[in-house]
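Common to both upcoming complexes is subunit A, partnered first by subunit B, then by subunit C.
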Partner chain A sequence: MNKLQITNLQNKTKLIFVLLLSSIFATPKGQALLTSYSLLAKQIYAQEAINLSVTPPLFELTIAPDKEVRQIFSLINSGSDVYITPKIVYFVPSDEFGNVEITDTKSPDWIKYDNSKVFLKQDAKLDLNVVFFPPPDLPETDHFLTIVFEAENDNLDTNDNLDELDENKNSSEYTTQIASNILVTVSKDGNPKKAAEIIKFSTVKIADSLLTPVSYELVIKNVGNSFWKPNGKIVTNNQTLKLAPQNILSNYSRKISCIEAETLVPCKLDGKPFIGLVKANLEFTTDEDPKLYRAEVKTFVFPFSVLVIFSASLLTLLRYKFIFKLWRRRD
Partner chain B sequence: MRKIKCFVFYLTALTLFIVHCSSFTVSAQERIESPNYRIIFPNLNSGAGIPSSSSYILDSTLGQTAPGPYSSSGYRVKAGFQYVHSIIPFSFSISDVAINFGTLAPNTPITDSSTITISAGGAGGYQVKASENNPLKTFDGANTIPDTLCDTTCSEILAASWTSSTKYGFGFNMSGDDIPADFTSTDYFRQFADRSLGESPSIIMSSNNIGRSRTATITYKVNTSNLQPAGTYRNIITFSAIPSY
Partner chain C sequence: MEKKRLVLLCAAILLLSLAYNLHVKKLKVKSANFTSASATLSNARLSYKASVSSGTSGTSVVNIDSDSADDDTNHLFPKDTVCFVNSAESGCIGNTTYTVANIVDTDTFNTTGALADTLATTDFVVATQSGTLTIAFTTVTEIPIGGDILVTIPAVDTTGKTNDGIPDTAASIATNGFDIGAMASGDISITGCTPADWGSATLTAGTASTDHTIQFTRATTACAAGTAITITIDSSPGLINPAPYTSHTRGQADAYNINIKSRDGGDNTLDQSDVAVAPVEGVLISATVDETLSFTVAGITADTGTYCGITRTASTPDTTATSVPWGTLSSTYAAATHNTQQTLTVSTNADGGYSIYFEENDQMGKDGVACAGNGGESVNCIQDTVCDGTGCTESTLRDWGADPSSYVGLGYSMDDQSGTDAVFEYNDSSATFNAKQIADTAAGETRQAIMTNTGPVDSSSSAVCFRIDITGTQPAGYYYNKVKYTAVPIF
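== the complex of A and B ==
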């Protein structure tokens, strides 16, 4: 075989392998293989980052005294190696949007969990088993808690490691807390008193049918003994807005959004009549309780912008007509 | 030389082919139950499946309905947000584990940044708060780089412009998604809430609605005068990420 024939054979062999590789990477497994190689390069960078996720992000429990429930809270570390210290503390609502202010008050003794520091490597998961076992004589009340996972980087320097003459180490190091909220109702019969007060259900009184969106602001207060979710809707002439089942804690208010396909949205009408009165009827219950809470607001809709534009155009036309007449008289 | 190149090429292709043909394993979660207790494993993704038994069905959306009425079981549990069908984890990440300011020269501000990402999976709002254990200080605590007062005045809850190279201290700026409104430009800075003074952590990111992959950049700034004693200045910044209830 001469040199040219050898070269052609080599080229044909290469082409076959290229086609073979193309067919491999065209398949889902092949693409997963390519992705895993690229992620490997990214993982080398991610080892220097903090990346934590916790599930479930919210846990709700109604429990009778002298009963026991266990729940696992999982923490996944997708960043650099860290030390994790869990703690469960009480929180208070900080606003009307469901945000919390965690306190220094620790959880009661009947909530048990292992609070020792744990070393969590990258891509490792911590499953924290929390046991709820209220004693027989515990008063029937709510407990608002947050489970906080405190993360310290593996290389966090303490003062003992500092070299005070090394000016190149001026730095700020990070610690991180990631949390999940726990709402507990202690109830002997599972039917604590639930009651609501509509603090605000309002909208604009007059709206431009072309320019002004008609949206509803709803604030509800929980005047009962236990947290609950509003179960209801806002019904207008031609649209129904479903209320988001957001928790309202006892003795606190919350601004309630609407929901559309599992997404929180403002309570806002998509369409409205060109001219007319839009009545919006609010109705909801507290969870599955039978008592129905109602309220109504009205909006008068009119195409004011169209009227303004028409009037301005007419005035302009009349003005120029008047000027034209004056000009003709002068002539 | 050409033969060596060909050999390397064929060896690489063969190796990839063998790896491609290898199988992958998937670990599955289980549910443990006894007459005295039930351990509930949350779903980590929508494909994890919903546990069930012959006596009841566990629905991760609506939570568990205990076998029998409350009077016999004595509890009801719900995990996740009730208007989202899957239990979606709450995630928080920062691009670094520390910020190294290097050597500090007088009247020469140093800046550096980290990226913060929050994902609440579209289920409710969140807040991220930040605070420092104390101002930047030396090992023996004798010398401190104070928290900035910006060009005029700023605090841990109100940002102000900081552009002068003769105004000293340590502060931060926020830019990106869901940041407080007082960060009107990249020149606006706050000081960190100082826990050694009893100050509460301040909000640096928040949203009352969906929180799906929201990203912001925190930019630190340090500036010292020629009167600042030499030394290694350090502190610890704590970030707290909390979902809404």
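== the complex of A and C ==
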């Protein structure tokens, strides 16, 4: 019998005992004790899932110093009753794919919100109003933040033991967090410096027509003061691949995918060119800035596998012809 | 002789009268209405034309005033293409068009790019609505060689404004009309009878006193009565719909009559009909779908089911969303009692996708003691397993095998239940039980992603499979730690 089953049997026993007690001690205090035990039994028995939703998952803001913007982050609890503690901390990109590493560094004072613990019942919604009000002398830089909602279950901590006689109740206690990212650019005129550096734009130099798909790897670094999205394409002999508008944070690089019908896809040619030189021209701007960044790569495509198969077949044919000739001479 | 002359005279009179009657009959053609006459606009939305109140170069905010029939932004929608014209309506200022980014309020909207020029209070903002016009009808009367079809389209009663490419407005429907802009005869086609026998369209722009006309002349062969004819004005550049007239009632279509007539070689009307087209304001039907990230952690209490290749039984510890209670652990490993699971489910419509991270505050310590280094029973800890002789870590998986007795401790694996978002699975590369350590933050380890997707997902679910084993010399006591899941969007 595992821990949970043991606990339930004990609860039932206790409940009967308490009911007997309450009939004898029909006092307000006795009634309060009965209520608390009933609630306790119910809580231990009904362990539901933690189910949280946060909106929006990403908030991008460009704000001038001495201006104010308010944004509501909504948290919906579709699971069991929980206590929610919000906090806003800085993050750093953890890789070139847009993943974050949440730090312990708290958000600056000019970002104001209520960080007190809130009890959120099932199906309830928490609207957290966050106010961004940078001071007039704040430098024009980016701030990368995450708002984290930590959930603590409404039930008793599993460390607490209803049966003090049990030992060796090994366990792990789990908490759940759900987060939303906040990208803030502080800019006096709404035109922060945006600049890019193409770290990598590459493809295979030689490709087999039948076997090797021609795909492109693109890594772009943001060397400006503010995050932006690349706006551009890769143009080849007969196909155009649209770059995905993925955020590139200032002083960080990002591997950029392509996009097709709102879906991220690898930057890869659909068709397989049969023979010849495939030139790919990359061109993009940083958001709507006019400066165009360019690069070019080339791939020589040839049906090597066909050549190999043909050669192998020819050699095999010649070999058997030679063997056949020898055999005939022997005869 | 006299009789003969009289007969001849009568015959002549008779012949003359017959000839006269025939001639008159020929002249007095009875004109009729076409049958099945219709005119269809492919875009029935009124153009937008409002007076500018302010707009400063370098910004994207435009304010309008109430001096025009379009006196608010209710008929302007995000992604509409607009341009600004001066009071002389001599083309778009700077030959520049802008896209409406969003509507701020009833008299303010933003453009996606900054304004290149500062706007004057005498300027207008226009959003042109244009499209094809298809006129279809069936003739009642034969159209002879040299006859024609004449279509008359209302134009504004201002010379020079009927084809400037700017939507027109006037005090009434009768004085307002369509603008033909840069339309040419090549943009108009006709079908019915032998099309080649019609000749090219003759397009004449309206003036202050005339409307636009389109004429097709029957060059060779007559066009028989009862013929279905279609005249199409194509969409490039298209017929520009009028803006509301001055006293226009919002939501009520402005009906403009297009006259169609067939004529003979003497421009006498054979058949004609008036057909109405009624542009109206567009209606923006919108729904807001918020971007959301949803994350569910659930325990498993069923005594059946297989996760990570391990079948649950009544002996398997029941988990909750907040605890994995192993209970009293035996030093003899048994799959059913030394393995258990939780499920994680994620949904998001955010384009960037998400990641779920996993970490522990420390290895499982007796009564919560800190477990320095690799932990282990010597320091009253249940260590994180190393899986095999090579060693798994929080970031590197190894096959822990069917029996973990040789490499005791706590570890975990993954098993996709729906979707493929788990970063690894228990049976990848034909392994029995691929496992990793939970990232130990007390040891400075970096929490690891256990589920991820770079795009939107709907109820992507994975099981986290926990396994634990101890030796017979593990000191007795209550061992525990704290583990955390974090769901984060990809930016």
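Assume the second predicted complex is superposed on the first by the 272 of 331 C-alpha atoms of A that agree within 3 Å, B and C clash if a C-alpha of one lies under 4 Å from a C-alpha of the other, contacts with A are read in each partner's own complex, and residues count from 1 in each chain.
Heads up, the rule we're going with is that contacts are C-beta pairs under 8 Å (C-beta built on N, C-alpha and C of every residue); 3 or more make two chains touch, one makes a residue touch a chain.
The model shown is predicted, which means the values in this text are computed figures rather than measured ones.
In the superposition on chain A, contact is made by A:229 with subunit B only, not with subunit C. In the superposed pair of complexes, A:80 makes contact with subunit B and with subunit C alike. When the two complexes are overlaid on their common chain A, residue A:240 makes contact with neither subunit B nor subunit C.
In the overlay built on the shared chain, the residue A:288 is in contact with subunit C alone; subunit B does not reach it. Shared-chain residue A:180: touches subunit B and subunit C both. Taking subunit A as the reference chain, the count of touched residues is higher for B when subunit B and subunit C are set side by side. Within the superposed three-chain model, A:141 lies out of touch with both subunit B and subunit C [touch as defined at top].
Judged by the touch definition given at the top, the superposed model places A:62 against subunit B, while subunit C stays out of reach. When the shared chain is aligned, no partner comes close enough to touch A:305: not subunit B, not subunit C. Put simply, subunit A uses residues 48-58, 74, 78-80, 93, 97-102, 146, 148, 153, 155, 159, 167-181, 183, 246-247, 249, 257, 262-264 to touch subunit B in one complex and subunit C in the other. Only residues 2, 6, 9-10, 13, 16-17, 19-20, 36-44, 63, 70-71, 73-85, 87-104, 114, 119-125, 127, 132, 136, 138-140, 200, 206, 208-210, 220, 222, 230-245 of subunit B touch subunit A when the two sit together in their complex. Within the complex formed with subunit C, the subunit A residues making contact are 2-5, 47-58, 74, 78-80, 93-94, 97-102, 146, 148, 153, 155, 158-159, 167-181, 183, 246-247, 249, 257, 262-264, 288.
Interface residues of subunit A, counted against subunit B in their complex, comprise 10, 13-14, 17, 20-21, 24, 29-30, 33, 48-64, 66-72, 74, 76, 78-80, 93, 97-102, 129, 144, 146, 148, 153, 155-157, 159, 162-181, 183, 189-190, 229, 244-247, 249, 255, 257, 259, 262-264.
If you check the complex, the residues on subunit C that touch subunit A are 112-113, 290-299, 301, 315-318, 320-329, 342, 348, 350-355, 360, 364, 382, 410, 446, 449, 452, 454-455, 466, 468, 476-491.
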